[in-house]
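After this come two complexes, each holding subunit A, first together with subunit B and then together with subunit C.
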Partner chain A sequence: MRSVLGSRPWLTLALIALVLAAMPFVIDDNYLLHILILFLIFAVFATGWNLTLGILGQKTLGHHAFFAIGAYTTALLSGTVGLSPWLTLWLGVLAAALAGGLIGIPILRIRSMPHVAIVTLAFAEIVKLLLANWKDVTRGELGLWGIPPFPAIEIGGTTIRFGAGQIAGSFALALLAFVAVHALVLWLLRGRFGLTMVAIRDSQLAAESLSIDLTRSKLAAFALSAAIVGLSGGLYAHYLQILTPTSTAGPEMLVTLLAMIILGGVGTFFGPIFGALVLTALTEYLREYGDLRMLIYGATVTLFVILLPRGVAGLLTRRGRPAAAGDEPATAPET
Partner chain B sequence: MTGTLLAESLINGLITGAIYALVGAGVALIYGTMRVLNFAHGEMMMLGAYFAWMGVAVAGLPVLLAFALALIGVMIVAAVIQRAVVAPVLAREDWSFRVIAATIGLSVALQSAAQLIWGEKFNALPYFLDGVVQIGPMRLPWQRAAIPIVAFVALGLSALLLYRSRFGQMIRATAQDAEAAQAVGIPAGLVHTAVFALSAGLAAIAAIMLAPIMSVNPWMGLPYILKAFAVVILGGLGNFGGAIAAGLLLGLVESFGVMVTSSEWRDVISYGLLIAIIWVRPYGLFGGREAA
Partner chain C sequence: MTEPLLALDAIDVRYGPTQVLWGVTLRVEPGEVVAVMGPNGSGKSTVLKAAMGLKGVSGGRVMFRGEDMTRRPATARPGAGMSIVLERRRLFPFMSVRENIELGAYARRLSRADLARSFDEVLALFPEIAGHLDATAARLSGGQQQMVAIARGLMGDPQLLLMDEPLLGLSPALQRHVIDLMGRINQRGVAILFNEQNAKLSFGLSHRGYLLESGRVVLEGSGVEMLDHPEVRRVYLGEEAA
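After this line comes the complex of A and B, so read on.
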């Protein structure tokens, strides 16, 4: 578990949260804060996906579908139907969790990694096509715009507003979600749930022989992972207030998030957060060279896999102690 | 009326299916010999089409010479990719997912590089076959009618190579057990490189045949790679003959599916079919000898 969490995870998480919370008081530049908001949202996405990809060891490639499901559900229910975004956000999370459970069912029967990767990828493609083809409701690739922001709330006499132009409120909300999700995941990983997941990753057969219910554990992990990703989709929808099928469930989203997780370190708790920070910042920095963006993401993934397969986090944990044999998830051909 | 429509769907399905078979057979061959799922296979198509287009439309070479050069060019690129990206990853632990990630990254990087080199413009390779062929009541341009013919010649030659030649024996031995093959003197590393190049060659043939009726652009491999994966899963991962049969089947299912619904639902039909089949027959339609 130390190889996943590092040595003092609660302290590290608290420090990260403190530094981030200080940002609006230190940085006076709304544009930089906007980038940080995007980072917070993508960090939640990356952590959610990393639960199945890295920690459970199920190589799913379709989590951008849950992002789109969370985003579109809340956007349509609040914008078109007219419910409060504070409610529909959770309906989006619920929809993503149900979809996660649903796609988990055929995957339960498969232990071959390539099958899992292809099925989840095909699922994401179906979700993208449904969103693109269901033009009466989603407006297809024209995009769904004018999604309502979260309604303002009043705390102690100050009104906090949210949405694209409201940087302070949006930052506070994204930070709250970031801290809440990471605290929840950390708490779960420190307990029985985390041990179960790592046991399944290391050997499904051994885990089963220790009377771990593979079906229940995997489905629970899938649903939780999808729910977290769906939450990040909902936050994204109500922050940017515009969605298109390709920008949410397209291959670019897959590669972007994969690059974040791999750069940070697959299967580590803090790695994907770091990857999200580096790549979100890099994207904005390179905005004027827009065509280079995907070249850099693609090359990042390939080069890190070849040169630094355990990511930046792997560099840090390796120092000071020899890599224990159990660190490397043994994925000898599972048959 | 309906008879003509059925015949048209059948022929369209065969044409699409032949392309799926060419691309899918390459993916199956690579998976069968080294257990690698090559996500950059679609970009081998894209490069094949660009090389052919450069030869014909830019350099003004004779068509056949341009195609031969394009084919060789793609096979060299594939060999370099296998040596520089795939082989180093395979040498490590936990490679099965890493090689997927590495080829996904490569795929996107190649698309983006093509966009930087050749621009976003959709280029057209001119028709290189003239005339129409009359099949019953239908008139079909040779450019389309030739696709299944070329595909079956290419796949037939590959099958001969695989099952009737010394080199094919070496490939099959390496596929069964690379270390044991090496122990009896087969250069397994070279065989892997050759399989990568051969598979990319099949993809390049598909792309060259498609280029005049579609268009040449940086993302042209994208729709086909997912279809190729569907094909290899339906045919049983790593099963060369299964992939060809599944490719034709998928082409026909899509063609008749589009006849019933509309063309924007074509991909939903095939991916839905893929998930449904995995649900009931996890290891493909044709049994699972080589399947994981």
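After this line comes the complex of A and C, so read on.
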């Protein structure tokens, strides 16, 4: 699994967490910390999506739907119904996981990756249209605003507040989620689950011949992946406190997140984290360039893909990867 | 009479509307080496895939150790004592050699200690890959990859090892090495069902053999009988009729 995890992944993750934890103490700029909070949320999103896209090798293009499902479920249940966001966050995760399992069922029957891509893309479009047109509940493209932040908690006499204006608390919460999700995914990938997923990606026939249950493994991966993405959606909703169908389940979200995974290194554990950092920062800093923003953004992504075809993480895992040329492939494409 | 280890009872197999196996009947006794020989497209690989459950049968029965496996999925086979070394090896190219081999024991759910013991036992047969355990599988040569594929198959602790074209694409020296390995695996009491296009190799190696043509068994017998059969000698060994 070195090609996925690199060497010493726990140490690398601990170092990343330590550096991030130090950020609020060394950065005295709330805007910069706000960007870092978004990065933490999107890194969780990208890692969740990468589970099916890169590690399991299913070319799913609709994970922004799970982000929207997680976000809207928790926003509506807390804002409209009045339940605590601490509870509704998990209901959002559950809703996303169920949706992941649900979309996983038809995907299981499809072995052609372009078809998987189309089905999942269509699913996301349906979710977006549903959110945009179910105006009585979601307010459509006018946006669901006034979403309550997570209620404040008190630790050792200190009150920690969350939400859009509460940078310190929001950063701590986003970092906690980031570390917890990445530790969980790393633990799973280092065990039987990780080997199972990569085995399915690299040869379904061989995986099946070894007694790996393709249906169960894929469904579990889909549900877990969707749950993690749903969690990032919930964190996003209660942090920014406003949602629109397009900003959550729209094509820009799809392209941005896909670019994060590809730029960072699809199918690698640390890749999406790097990709999320680079592209979240780039998206924010390019805002002042107006219409030129997407042009510069696109050029940057293209440049990265040309210079680092295996992503930023490819630099870390080079030793573990097969040589690009000259080697006989271990497996021929399955027909 | 004891029950055969594997019995294919008049199986039919289709790929969509095309039928590729027609009433194929075949058996493997415990500890036997059995060859399925035939030209390209005769259905040799399909016989092995059907036995392993990787290809469903549309007629007939697949019996393994007296149990009807016809409708049971491929995932039920390794636990029952059947492993397959797939054609073109089908290693997991981005995993290490060790991970590839260890995955062979997936169905056995061994403890770490038992897995390590089983791994060492299997690896003893493959000294040439012992130095490459941490290398990515795709970095190995074709011959080494074949060793890893066979080692993976043995990690399932099978009573029957199916080997789909195990000699394909190997140099004569490597072919001899794999043949020698097959002998040693068989000496451990593991029955082997393999397929091969070369008649001399197929029947020279096996206790019994089957000749498959256009999806039908046209001849069967002991290895010696098959090699001596006039039809085999004329068509597959290129010898003139006496």
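By our rule, the second predicted complex is superposed on the first by the 302 of 335 C-alpha atoms of A that agree within 3 Å, B and C clash if a C-alpha of one lies under 4 Å from a C-alpha of the other, contacts with A are read in each partner's own complex, and residues count from 1 in each chain.
One rule holds in what follows: a contact is a pair of C-beta atoms (placed from the backbone, for glycine too) under 8 Å apart; a residue touches a chain by one contact, two chains touch by 3 or more.
Predicted model only: the values in this text are computed from it and were never measured.
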Greater residue coverage of subunit A in the superposed arrangement, subunit B or subunit C: B
First (subunit B), second (subunit C), both or neither touched by A:213: second
Partner chain in contact with A:298 - subunit B first, subunit C second, else both or neither: first
Partner chain(s) touched by A:258 [first = subunit B, second = subunit C, both, neither]: first
Partner chain(s) touched by A:14 [first = subunit B, second = subunit C, both, neither]: neither
Contacts of A:4 with subunit B and subunit C, given as first, second, both or neither: second
Partner chain(s) touched by A:195 [first = subunit B, second = subunit C, both, neither]: second
Footprint overlap on subunit A, comparing subunit B with subunit C: 328-331
Contact set on subunit B toward subunit A in their complex: 31, 35, 37, 85, 88-89, 92-94, 96-113, 115-116, 222, 226, 229-230, 233, 237, 264-265, 267-268, 271-272, 274-275, 278-279, 282-283, 291-292
Residue ranges of subunit A touching subunit C (in the complex, touch as defined): 1-4, 192, 195-196, 198-199, 202-203, 205-206, 208-213, 320-323, 327-332
Residues of subunit A defined as touching subunit B within the complex: 59, 61, 105-106, 109-115, 117-119, 121-123, 125-126, 129-130, 132-133, 251-252, 254-255, 258-259, 262, 291-295, 297-303, 305-306, 309, 328-331, 333-335
Residues on subunit C engaged by subunit A in the complex (per definition of touch): 52, 54, 74-79, 83-84, 86, 88-96, 99, 102-104, 106-107, 134, 136-142, 145, 152, 156
